[in-house]
Amino acid sequence: MEFNAKVETMNVGVEFQNINVLLKDGEKKNLKLDQDQLKRLELGKTYHFTVETYTHNEKEQLKVVDFVGIFEHIKDPILLKLELASFYEYAPIDMKVLKDSIQGFLDQLENETIKKITKGVYQEYENSFYMYPAAVRFHHAYIGGLAYHTKTMIDIAMRFKEIYPYLNKDLLIAGILLHDICKVDELNGFEGGEYTLEGQLVGHLVLGAMKIKEMARKLDLVDKEEVLMLTHILLSHHGLPNFGAAKKPMTPEAILIWYIDTIDSKFTVLGEELAKTDAGDFTQSIPVLDKSRVYKHKF
Amino acid sequence: MEFNAKVETMNVGVEFQNINVLLKDGEKKNLKLDQDQLKRLELGKTYHFTVETYTHNEKEQLKVVDFVGIFEHIKDPILLKLELASFYEYAPIDMKVLKDSIQGFLDQLENETIKKITKGVYQEYENSFYMYPAAVRFHHAYIGGLAYHTKTMIDIAMRFKEIYPYLNKDLLIAGILLHDICKVDELNGFEGGEYTLEGQLVGHLVLGAMKIKEMARKLDLVDKEEVLMLTHILLSHHGLPNFGAAKKPMTPEAILIWYIDTIDSKFTVLGEELAKTDAGDFTQSIPVLDKSRVYKHKF
Amino acid sequence: MEFNAKVETMNVGVEFQNINVLLKDGEKKNLKLDQDQLKRLELGKTYHFTVETYTHNEKEQLKVVDFVGIFEHIKDPILLKLELASFYEYAPIDMKVLKDSIQGFLDQLENETIKKITKGVYQEYENSFYMYPAAVRFHHAYIGGLAYHTKTMIDIAMRFKEIYPYLNKDLLIAGILLHDICKVDELNGFEGGEYTLEGQLVGHLVLGAMKIKEMARKLDLVDKEEVLMLTHILLSHHGLPNFGAAKKPMTPEAILIWYIDTIDSKFTVLGEELAKTDAGDFTQSIPVLDKSRVYKHKF
Amino acid sequence: MEFNAKVETMNVGVEFQNINVLLKDGEKKNLKLDQDQLKRLELGKTYHFTVETYTHNEKEQLKVVDFVGIFEHIKDPILLKLELASFYEYAPIDMKVLKDSIQGFLDQLENETIKKITKGVYQEYENSFYMYPAAVRFHHAYIGGLAYHTKTMIDIAMRFKEIYPYLNKDLLIAGILLHDICKVDELNGFEGGEYTLEGQLVGHLVLGAMKIKEMARKLDLVDKEEVLMLTHILLSHHGLPNFGAAKKPMTPEAILIWYIDTIDSKFTVLGEELAKTDAGDFTQSIPVLDKSRVYKHKF
Amino acid sequence: MEFNAKVETMNVGVEFQNINVLLKDGEKKNLKLDQDQLKRLELGKTYHFTVETYTHNEKEQLKVVDFVGIFEHIKDPILLKLELASFYEYAPIDMKVLKDSIQGFLDQLENETIKKITKGVYQEYENSFYMYPAAVRFHHAYIGGLAYHTKTMIDIAMRFKEIYPYLNKDLLIAGILLHDICKVDELNGFEGGEYTLEGQLVGHLVLGAMKIKEMARKLDLVDKEEVLMLTHILLSHHGLPNFGAAKKPMTPEAILIWYIDTIDSKFTVLGEELAKTDAGDFTQSIPVLDKSRVYKHKF
Amino acid sequence: MEFNAKVETMNVGVEFQNINVLLKDGEKKNLKLDQDQLKRLELGKTYHFTVETYTHNEKEQLKVVDFVGIFEHIKDPILLKLELASFYEYAPIDMKVLKDSIQGFLDQLENETIKKITKGVYQEYENSFYMYPAAVRFHHAYIGGLAYHTKTMIDIAMRFKEIYPYLNKDLLIAGILLHDICKVDELNGFEGGEYTLEGQLVGHLVLGAMKIKEMARKLDLVDKEEVLMLTHILLSHHGLPNFGAAKKPMTPEAILIWYIDTIDSKFTVLGEELAKTDAGDFTQSIPVLDKSRVYKHKF
């Protein structure tokens, strides 16, 4: 028998171990397993289990034969959502719409250098990109948050391109698509939300810049000015300058992406908070809005 | 003989006074006038002159009979531009397009309270609104800058409304339209750019808030929540909070207007600076961009 | 039977409602009332009750016939104190001394414009002015705190006028008298201490400035420089400048009032804290003094 | 022949040296002198000269026999002012009034410890105290500025004592009198205004604290709490705290003296600037007022 | 019978008082005493007790005859450590090594003025110097912390002298040795860690500067530039400048001592924290390191 | 004829071009050359010229046959210094001593991963490393400044390793050696001092981190924790944290390198400034020392 289930509790007895798991239809099962198997499992994560039944004290029992992480079993985020949506919070957007939208933007890229590098990096992260949150806390902290935040930012950027035609469309699309992609390396899983060692000591900005450099070298595009522009967008997208350790944004697209990143992280949260607030009241204090409480009018 | 002309120099002799003026076709004239007339003129401003000719030392001379400020002579900004465009820098947009655009936004207002107040204030400032700059220096510092900045901000806001549907369209349009309208009271003329005493000691934010209150009282709408929302947008649109003296933005529309105001003041200037810069170079240091120099890429 | 009493508890049964109230002599009563009556009452507030007696289960009961807020029943703060002094904390000053002192300052005003506007606004707030606190927490947070703080500030200002004769006495008196008067609109009651919506989104500085403008319009004094000076004092009395949203003090009287406001809010609290501290000890940490603990010497 | 004169120019020839000096009645003289004498003189300072006449080339010449600094010749500041008032700017107050006022405050001291220490230190600096400025630039930068600033501060403090009776009058008088007295050691002369090495590396706050400690030791009062209170006032009178290097004010009198020092340094300058400004204009930018320009009203 | 013991609990009965004390071998005793004796004792401190035995209810009892503070009984820190090491935490260094090291540095002083002053002050504090902590919390907060921190700082300074030979060795040794020595006056005991009144209102920087001045006066060295240099090091060793209240470091040695003080307070704590941390983990948040958590690598 | 010479002036006539060059012995020559040759030369740089003589108007003339940049002609910095020392300012240290010292540190590396990566990167930059300055202005702004600053920093680090034995010697040596090595890419030449585009938009910190990653990939060491430690040192060595764009130092070695970098940039400059200052005077204002002027004592 095979099924997908999320580990809810772990029980260690003197002679054997078992876990309680939750299936997507709400059913709970108790699974026996050995010590080595137990060590490789993590609470709160979801696995594809292969089990066999046996009878003990006249009751039917289930014993784990094998298991793999759900993400190794099903790579496609659309299929995966069918399995996981009842276990974890998802971004409030249809996964197919999200994916089509992102890939639609990729197809709009015209500059060959930008297109090759962006597609190259995207393909390396493709499935994870639709699973990771955009931040551990405070904004877009749900499965798919990274892709959802990215899509909305490009939507906004395309509108600014209409207002300020001097902006470069390819740099906007590629810069936004890549700007947070190394959150996948910065965090230790899409379900959880702890920083990896690399995430703490290097961070997704520089990890992303390194990834672009590496892809450029692989594609023999390392001396192209486009590579430098993308690298700069990655390094500067948090905007506030430092005394040498980082770079403040110094190209039109880098400056705009900094603003759009800020705005979407605030206004998506604000919309979520207002939805929980009665007209005539203030929202809770919102961390990304400088802890402000925002008033919802009555008319 | 009547004509419009800009005062270029003033000459005071022992027995008579005269001025040199510039006409829009580039012609220059010397006009005699008396002391009282001279005192009422300002260098750099444009007037509608009525003159008569007489002969002195066998040369035909021109003597000022009467004059009024050009803005008293021609109120309509579209007609006025025909007279002044060769004397002063204008916003890079057709005046009719600009006016139609602003009035189109006004026509979209649906909430009756907001509509009445906004139209009421707009009509009071109507002609000046298309003449004043948006700032003395640094951004949109040309004739029509105020209306041009306002129009672009509403253009941006309408796009954000598509992205974040919970925003109130009427508050965005009205809030932006009114947010800087008291620059007309803050500055002492559309040609110049000095602050009035009221501008220095009160400022256009509070002057605007007072104007809304006054209009609300006139229209008997003073207790409407809409009035409070508009007042708050006016008071908070510079965004950075103080210890009591002002208010930080605390409604969704007030927060967004703060961002859009910031962005348009930066990106319009940036576009103007990039237009003067060669590909592969940095722009000059740009004051509104924290004195940054911005790089213009080559590909 | 009629009496004044403060609502201490509310009890809702299935069939009837009743409240326990406290009278100024310490007596407690239980009053029956109906649902509609109950909804209009607030815990912690004081009312003038009209009740009638009836007998139930051989015990005499009291039933509410009618009630009004105490402040509607007795407007005069001196009389009101006789009723409320045992319920709420009052400023440590005799109410008649306070009122005579404030009105004495008003009588000293000589400039006609300043005098008319100040008296006009004062009369509008007259009774509340003696009831409200000067702040919700931290300093003068008791009934009468607003008037007591105002009186002490004028006392100090009159002494500075002796030291620096160039200061304008009328602007000092009027500016101080009006500077916090819209706290009455900013807070939702003299007993409590929550901000009104208007208080949060506009604030007492701008509310005060608007009130002066309105009074000036009513008295046809709107173009007087005195009005601008008073408006500026109101807007700037918190002193610390912002990037455009408010004004830093730019007249001698505005600067001095900022200092005196700061000093009295600190030194009145300090006196109250020292009174609770033994010689040779430090006071508690005092919030308005940057959380300092202050030493009380022994000699 | 003997007279007092200020050195205006120095001339060095191959065979002899001479100087041009200015007398208080405006007369100028040329004085011959030898190299050693010349070295001991400073430009801009005033000396008591003893000269003799001789004849050279049939013209009467003056030769310096001896000289001493004017302050060694006349110690009394009242007499000194008669000699120097035409050479240097003086505080705008009669010297006798100033001295009587300061000594009157000294006579009001009641606490024996405070009285002995304050008089002890005062006597050590007595004459210089009336000659030095209160600051090199920005406020009270004229002869007598130190005493004038001190007197005004005590005047203000005595008024605050009326408002807040818990303040200790002796600590206020003594603390203010001593707070800047080591400016005399911090600066290298009353006429000039350069810092001494001690002034730069130690400063008048700590120099003053050391002086109090020394006087206390001499008078065998070193363990008195009064000494600690005065020391603390000296160390903290600049108010803004540091991370350990200094002390923020932590007694009522220390806090008040900080405020009064700030206020008098601003408002005395403000009065001087307003006196130079027309009604309806702004003053120049005033450094001690955060570079503000202050408006002088017209009514 | 005589012994040293630390007071652990105090018990007050109606008719008599007794305390429980701890001896260095872990033995506990109950001691009877009278009210006056009890008042002079402090919990947590160690005393030399003289007791006599008597019998009560057939049980042998101990009664306190006399006691003195342990530091009055044994002055020598090396001997003292034998008694106290089991009661209090000590710096992780042998007391004799520490003392020899400090005295070795003293012996290296060559400049006579610096040598006399430094030895003079050191002798005044000699025994306490080896007992006090360097700070109440956060770094070197154990017995001997002051001397241990001082020794390490001189060790570092001697190495910098090799790198930058222009530094003055005598000023480095003397400046470091004296820089924190008045912590002994700032704190109220080596065991505890509360600030004295003098510590709070004056602080160890100025207390140290005063001590140097006093010693210089005693030795008739008050005008030596060396005294000024040492005074400046003491006043500036916390480095961050203030607006007048203190001095920022302005000599090479003062600047270096500031850096070394900062570094040793951080790196000694860091070593102690790393010792408690597994390889591959982060330390706890470390207050003196700006609350950072520091990673301990695995290779 | 061949020789090395620095271009001092360029002269363009109608028919031919010529330049004036300076030889190391001070001799000056005029060289004829064609337009294409002229375009490839830069003022202030040094070249190896091959010239031929010819006669024109009976005077012997020199004509350029060919030239290469001096750094292409002579790679070895020791030999190069013999040619360039009279043209440019050099670090005040013997080039051979400097090189031996750096290579001696490299030889002390024990950890194989660190050793391979550090040597790999070093060899790529070997010759430039000894030619570039450490900064454009303010400190070590001379030829060899980069290597001299690096050597001194390692000297200091080795001494701190003695004081705090828990520090990792290999990380200190390698981290310091690599920390500024990409200044070579950040600046456009050792003689000049302008930033490259890459220098401005990416900066030497991230360029260095990328270089380490690249070398690790080449050597198949990319997953070693040592690589992460070195990367972190590079990224954090400017110390002050930002809101996400960079990393503050979070390992013991990274924190120490930040301090040592700061100290050596200050104290090397300070030594150079003190050497120009008389005893008893203050140095000039020193930019890297927060614009302080530092006092040089007299004893």
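Couple of notes before you dig in:
By written order: A, B, C, D, E and F. Residues from 1 in each chain.
Note that in this section a contact is a pair of C-beta atoms (placed from the backbone, for glycine too) under 8 Å apart; a residue touches a chain by one contact, two chains touch by 3 or more.
Computed from a prediction, not measured in an experiment: that's the story for all the values here.
For chain D, the chain with the farthest CA centroid is A. Residue-numbered contact pairs of A-B overlap by over half with those of E-F, the repeat interface among E-F, B-C or D-E. Measuring from the averaged C-alpha position of chain A to that of chain F gives a distance of 42 Å. Distance between chain centres (mean CA atoms), chain B to chain F: 53 Å.
In chain A, the positions touching at least two other chains are 197, 200-201, 229, 250-251, 295. On the side of chain F, the complex with chain E involves touching residues 111, 113, 152, 155-156, 159-160, 162-164, 166, 168, 171, 224-226, 229, 248, 250-252, 255-256, 259, 263, 266-268, 270-271, 274-275, 282, 289-290, 292-295, 297-299.
Those residues of chain E that touch chain D in the complex are listed here as 197-198, 200-203, 205-206, 209-210, 213-214, 217, 228-229, 231-232, 235-247, 250-251.
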